[in-house]
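Labels A, B, C, D, E and F are assigned to the chains in the order they are written; within every chain, residues are numbered from 1.
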Amino acid sequence: MKTLKLPLAALALSALPGLALAQDGPAPGVNPATDTVFILNSLLFLIGGCLVFWMAAGFAMLEAGLVRSKNVTMQLTKNMALFSLAAVFYWLIGYNLMYPLGNWAVDGVLSGVFGPGVLEAVGITADAADDYSYASTGSDFFFQLMFCAATASIVSGTLAERIKLWPFLIFTIILTAVIYPFQASWKWGGGFLDQMGFLDFAGSTVVHSVGGWAALTGALILGPRIGKYKDGKTIPMPGSNLALATLGTFILWMGWFGFNGGSQLAMGSIGDVADISRIFANTNAAAAGGAVAALVLTQLLFRKPDLTMILNGALAGLVAITAEPLTPGLGLSTLIGAIGGVIVVFAVPFLDKLRIDDVVGAIPVHLICGIWGTVAVVLSNPEASLLTQLTGIAVVGVFTVAASAVVWIILRTTLGIRVEEEDEVNGLDMAELGMEAYPEFSPS
Amino acid sequence: MKTLKLPLAALALSALPGLALAQDGPAPGVNPATDTVFILNSLLFLIGGCLVFWMAAGFAMLEAGLVRSKNVTMQLTKNMALFSLAAVFYWLIGYNLMYPLGNWAVDGVLSGVFGPGVLEAVGITADAADDYSYASTGSDFFFQLMFCAATASIVSGTLAERIKLWPFLIFTIILTAVIYPFQASWKWGGGFLDQMGFLDFAGSTVVHSVGGWAALTGALILGPRIGKYKDGKTIPMPGSNLALATLGTFILWMGWFGFNGGSQLAMGSIGDVADISRIFANTNAAAAGGAVAALVLTQLLFRKPDLTMILNGALAGLVAITAEPLTPGLGLSTLIGAIGGVIVVFAVPFLDKLRIDDVVGAIPVHLICGIWGTVAVVLSNPEASLLTQLTGIAVVGVFTVAASAVVWIILRTTLGIRVEEEDEVNGLDMAELGMEAYPEFSPS
Amino acid sequence: MKTLKLPLAALALSALPGLALAQDGPAPGVNPATDTVFILNSLLFLIGGCLVFWMAAGFAMLEAGLVRSKNVTMQLTKNMALFSLAAVFYWLIGYNLMYPLGNWAVDGVLSGVFGPGVLEAVGITADAADDYSYASTGSDFFFQLMFCAATASIVSGTLAERIKLWPFLIFTIILTAVIYPFQASWKWGGGFLDQMGFLDFAGSTVVHSVGGWAALTGALILGPRIGKYKDGKTIPMPGSNLALATLGTFILWMGWFGFNGGSQLAMGSIGDVADISRIFANTNAAAAGGAVAALVLTQLLFRKPDLTMILNGALAGLVAITAEPLTPGLGLSTLIGAIGGVIVVFAVPFLDKLRIDDVVGAIPVHLICGIWGTVAVVLSNPEASLLTQLTGIAVVGVFTVAASAVVWIILRTTLGIRVEEEDEVNGLDMAELGMEAYPEFSPS
Amino acid sequence: MKMIIAAIKPFKLDEVREALTGLGVSGLMVTEIKGFGAQAGHTEIYRGAEYEVNFVPKLKLELVVPADQAEAAVSAIAETARTGKIGDGKIFVLDVEQALRVRTGETNLEAL
Amino acid sequence: MKMIIAAIKPFKLDEVREALTGLGVSGLMVTEIKGFGAQAGHTEIYRGAEYEVNFVPKLKLELVVPADQAEAAVSAIAETARTGKIGDGKIFVLDVEQALRVRTGETNLEAL
Amino acid sequence: MKMIIAAIKPFKLDEVREALTGLGVSGLMVTEIKGFGAQAGHTEIYRGAEYEVNFVPKLKLELVVPADQAEAAVSAIAETARTGKIGDGKIFVLDVEQALRVRTGETNLEAL
């Protein structure tokens, strides 16, 4: 996801100039060298996509651990459902909206390709490949779909414990079918943000801040949970299961290797695989930096380390490095991540001060650190311009907030988005689903 | 697992005709091109096998989440033990029973190769490879073993909360050593089902329905849990931890990419890797389709979505696409999965009506949707014949039910298979293991 | 990790003699054949490293499940923090200390390279690769880092429920920055243990016994938990969540494929991939052997199978096969693992008899079975000498115990390492962190 | 009014509740407890160490009934909770001086 | 001395505790219970099977107060726990014969 | 007969149980509770927000003993549960009118 699909593919080809001659070898239609490039690129997407898929489980566990037990079934249901709906609607609409492959309805702004994504035929040869110099379409689709679903997962955490199931799912559909792919085409589809030089390697802005903006907009329109703010004070509502939350964080951390590493978009040359290696190492360093920063800072500020902040810190580091996991060294990556961790420790109580109720800390992690990461590209990538980065952040932010606000407000005025007060107090699990996550454990 | 091992390997070779000439290159014994095919094929099995291994954890978590807390330690113990025993006995007996490699004792029916599986020597060259045109034997064994273990995992869920540990484990041994590999040789070992054109890409019938039939037979012989059916009504016995059950489902979903993708059995050509990509995308689409169908249908039928049905729905979609994850498009895959989801929502209460007590819904998911998936091959694969598919389903079903019934009945009349009534009421954990899974949580 | 980095790389190259000629092909700087070797080797490290990373989550879940609920948040915090600190300090100090690449300060004993690890530049070509015949430095660093972190994870389990957070983390820093890499250089950095023919394929001694020795030293200095031994009897303190513990074990089992498989250090030839396949199959067999042995033995000895012992048994099998997962056959691997399982069942109560309080059984699993595995190399590898193996075990043991003891004692006399008695009784979660893992569940 | 406190085997809850409802008992408080009594005392082994299991899971029921209903309620519980095996439980009766329904402020017999 | 036993809705705990502290009540025991009463009885569906939900989560408070404080404590609980909706809970008062503070050995009124 | 209700520190359970068994007490009901009392009240921070921890984990013991054993049982609990630190707990004694053993139907003193 270094850049859009087609140009990169062209680049990959040009990086292997001499290979063409192998074509006049004896096996018609089989060129071991460039075939291998195609295979390895596709393999990168399959492995990477699998890891990013796994992040869906990470979000589910993180969120299930950070809500109160009376809302756990609902949170699990939302995460299962949102991933599945994303899979359906990104295929039906989003994929082609995101990758016009040069066919713009409005140049650089709106894809001219509508309708479901279509894979290559079974058993293709080089001639039949959609893009022989790149990778199989199926692997690309699989990989890209997972990014779209990740965006939606971000929203569910912030709005937990008070939003109605179906309105939330309808928002998810619109987010994954339209909002996410529409803006993503501006960068990764080769649109105007890409053309102006905006850099976002794996999506600090395109994925994370978009999820964060949608979550923030929803949180403002939805309001805080009952009892969260009282007499100017924040009332903690501790998560029901920190073991699950920690598991979720480890899962996300693991999945991020696929998220950032797969965004190299190529593994067929030694340069590419060495770059992917840098990305893996840097991604890990940034997560570690974020966790350590939050550990130390909560000890200093609060006198006791706060595990939930450490988890958020690791994720903050991961989001922060996502816009540029390739060019920084290990030291700078650690630092970029650590600043992410610091941001989170201050941003979580700050949002509370603004009475913006973000149940799992998704806004600090994905939105604020997404912005930080996008800005931080200028620290190591000489091709980045601060102004362009800020422009990209702003354009995506304004669009996502506006689009989300419209959808949220329509949903609020039609179906309503907030559960009944009594249902919220008793928990969404019994009220909306009639099913407790831990029916035998003590009633809450 | 598209077809049996040897023929396919031959096919893979023939697809790369021109590569032979590379042999007269300068490096004696090293042929970069075909070596790479061997490496990539083996790598596919290793990655795929690792993912299918992971499904063992998925089954364990799903089942631990869906039983009552007083039986959780037992369910975990069964899953750990069954996987380990499968590893031992598939190696000792099953692997060679399943892959006669042409040496039949009874032609097309019973392998003539008995005894433990043997791997290639350390540090082989092309000449020493068991099948240079295919993949390393170790990778193949590793991959196939995981399928065998998955079959056994299916049984443990259905029979949970009332079956004695050791009789269950003895059944597992016989299932993994004999029943599964014996019937699997008919298709994947190149036996009579394969010869008659029966198609089962990754095992809707060979794996899932076999596990399902064995589970069904066991459930009939074992009877329902005490108190499950009273005065013609079904008494719900809610699972103790839906977060674990959801985690298990995500794990299984992830592992299925290896299950179906690895069953392409080759990754050394662009056609193969593009096919694997299709399979990944289709597998994901079917799971999503199943989950969405169950979500919508439980909302419509029961007025509230049922998370446990959504989880079953996703798995139903996965089982349904397993017989043919390659040839359908994304739309058809989604549909095949969705029908799986619908099946599950109706089949779960239907089984209850028949007083067949299936604790985790394994029979609807693996057996009924396994049949559905095997039939659905005809929707997209022109080589499939409905009659042949039905024949395969029936042959495997009759054999598995008969063999399982014999084993279950012998076990019942010798060791007994059902725990004492009091032990069942108090929970198997204290009675059979003297160990609670959550000793500090509230007593149940 | 078969042997040190450079010599092996040279070996890998020499194994592909004929490939050199490809260099005079037409594409300057691109050699499909050897490039592919570099790519596949790096890919092995990336996939392997990812799997070993995942083991960090496994340790966290295993330990969180085996401590009492009042200490779960602390155990999670320690595991998150130790991994993150290991990532920082192995980079800052450990990596170069471990891999002198021939630059010794004290020949064969102490690396002469100090300072942070540095990766290759972005977008390298063959000429710019640190070691074109091996793999990318980033992938190597990523892989090696995970081994270092695993060593630290072992310690946290043994010392759980009574050690102060910060002193423990300071020990972790010293362990990962100095103790582990220092001794690891003797074998894997090409130091004197390697030169004398000591064999430890993936680290039964270099990783597992080191973690185990450090844990044992800590346990002796720290003392047992309050109330663990009373009137000459051992008082069980059952783990709070066996589902988590089982999940952790499955995660570790999965991660071990990367741990042992990746230690082949090369995947670019058919010999290497077939060896990796052997390793995967053997690793699985040993784990299964360990689990089955513990299952059967606890049934015989205690009349009821003990799930926590079965989990330890699987891990014991994994540790035991780690010193030599390549040369044994499947039968011997199963046996080596099974003996590990037997060891654990006897060693756990034996340590209790000595009043050495090891909360999760890490000393039996990692230390004792690490020794067993290192000795067992002689059973299948003709190059191994029993005396040399014992020498290696002893040298590493004496060093690690001495170094750890110094650090633990300094920590004890300065900061203190043990929490207040009252805090221990009430649980570390409230006392040291002010945060419960399961705040809504029943008070403990 | 009397408060009846009963320790019963957990799986008997529904049966007992139905019997009590049949008598017109209108409310109940159920608590998960660990019971110690004649039933306790078997030995288990955890990681090789023997220990006594002293407590078994029970449910405690508490219900307040008019004095004249107490006898019938005690009998109903005793009959439905009985399995004849050790550990069936105990029933105790205490005097209650006052009762109040929060929602309405009704007191004593009207509150039940 | 009197023991006041109250079943209340869980989310009312903090309010009730504050009201009681205001009266000078010095201690409290809180238990998570399942309550059965007029509020119970809605139907849910689990995996296609209908069932009655008979029990709802409640908290049980137990506090021992000097006899002359009992009235005030009962009122305080009743007022703060009231939502006016079904299921608000019940309060019972029992007589206590003796009290003892473990730490000091103080007894009866001094022990409270 | 008397019902003794005691709130104690959780880690004291085994000691107290043994002391009671020594006296011939035959049964016990143990409940996990959250206690509010003099001990409560420290401040913690969760995600940057301060809050008071008002409740601490305690165990509640309930046992019914013959009237003449009550004194001894109360003393036994008080002595073994005492640490001398705040939060050691309270013991209350209530009168019990009736007792019944479900298994046998025995009543009152025979039922204990």
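Throughout what follows, a contact is a pair of C-beta atoms (placed from the backbone, for glycine too) under 8 Å apart; a residue touches a chain by one contact, two chains touch by 3 or more.
Chain labels with UniProt names: A, B, C = Ammonium transporter; D, E, F = Nitrogen regulatory protein P-II.
Treat the numbers as computed from the prediction; the structure is a model and nothing was measured.
Enquirer: Treat touching chains as neighbours and tell me the shortest step distance from chain A to chain E.
Expert: Between chain A and chain E, the shortest chain-hopping route counts 1.
Enquirer: Same or different for chain D and chain F, where same means more than half of the interface numbers show up on both copies?
Expert: Under half of the interface numbering overlaps between copies: different.
Enquirer: Between B-D and B-E, flag the pair that has more C-beta pairs in contact.
Expert: More C-beta contacts join the chains of B-E.
Enquirer: Hey, how far is the Cα centre of chain C from the one of chain F, in Å?
Expert: Each chain reduced to its C-alpha mean, chain C and chain F end up 47 Å apart.
Enquirer: As a quick test, compute the distance in whole Å between the mean CA positions of chain D and chain E.
Expert: Chain centroid spacing, chain D to chain E, equals 18 Å.
Enquirer: Taking each chain's centre as its mean C-alpha position, how far apart are chain B and chain C in Å?
Expert: 32
Enquirer: Between chain A and chain F, what distance separates the C-alpha centroids? Give it in angstrom.
Expert: Each chain reduced to its C-alpha mean, chain A and chain F end up 52 Å apart.
Enquirer: Please list all residues of chain D that touch 2 or more other chains.
Expert: Expected reply: 31-34, 44-46, 58, 85, 94-95.
Enquirer: Considering chain A alone, which of its residues make contact with at least two other chains?
Expert: In chain A, residues 32, 36, 47, 238, 241, 247, 304, 306, 308, 434-435, 441-442, 444 touch at least two other chains, as defined above.
Enquirer: When you check every pair of chains, which ones turn out to touch?
Expert: Chains touch in the following pairs: A-B, A-C, A-E, A-F, B-C, B-D, B-E, C-D, C-F, D-E, D-F, E-F.
Enquirer: In their complex, what parts of chain E are in touch with chain F?
Expert: Those in contact with chain F are residues 1, 3, 14, 17, 26-31, 62, 64, 94-103, 105, 111-112.
Enquirer: Which residues, counting only chain A, touch chain E once they are in their complex?
Expert: Residues in contact with chain E: 227, 422, 425, 430, 434-435, 442-444.
Enquirer: Please give the residue numbers of chain F that touch chain A in the complex, ascending.
Expert: Against chain A, the touching part of chain F is residues 44-51.
Enquirer: Taking the complex as given, what residues does chain C use to touch chain D?
Expert: Its residues touching chain D are 233-236, 238, 301-304, 306, 308-309, 345, 348-349, 352, 361.
Enquirer: Within the complex, which stretch of chain D touches chain F?
Expert: Within the complex, chain D contacts chain F at residues 2, 5-8, 31-38, 54-55, 58, 60, 70, 74, 77-78, 81-95.
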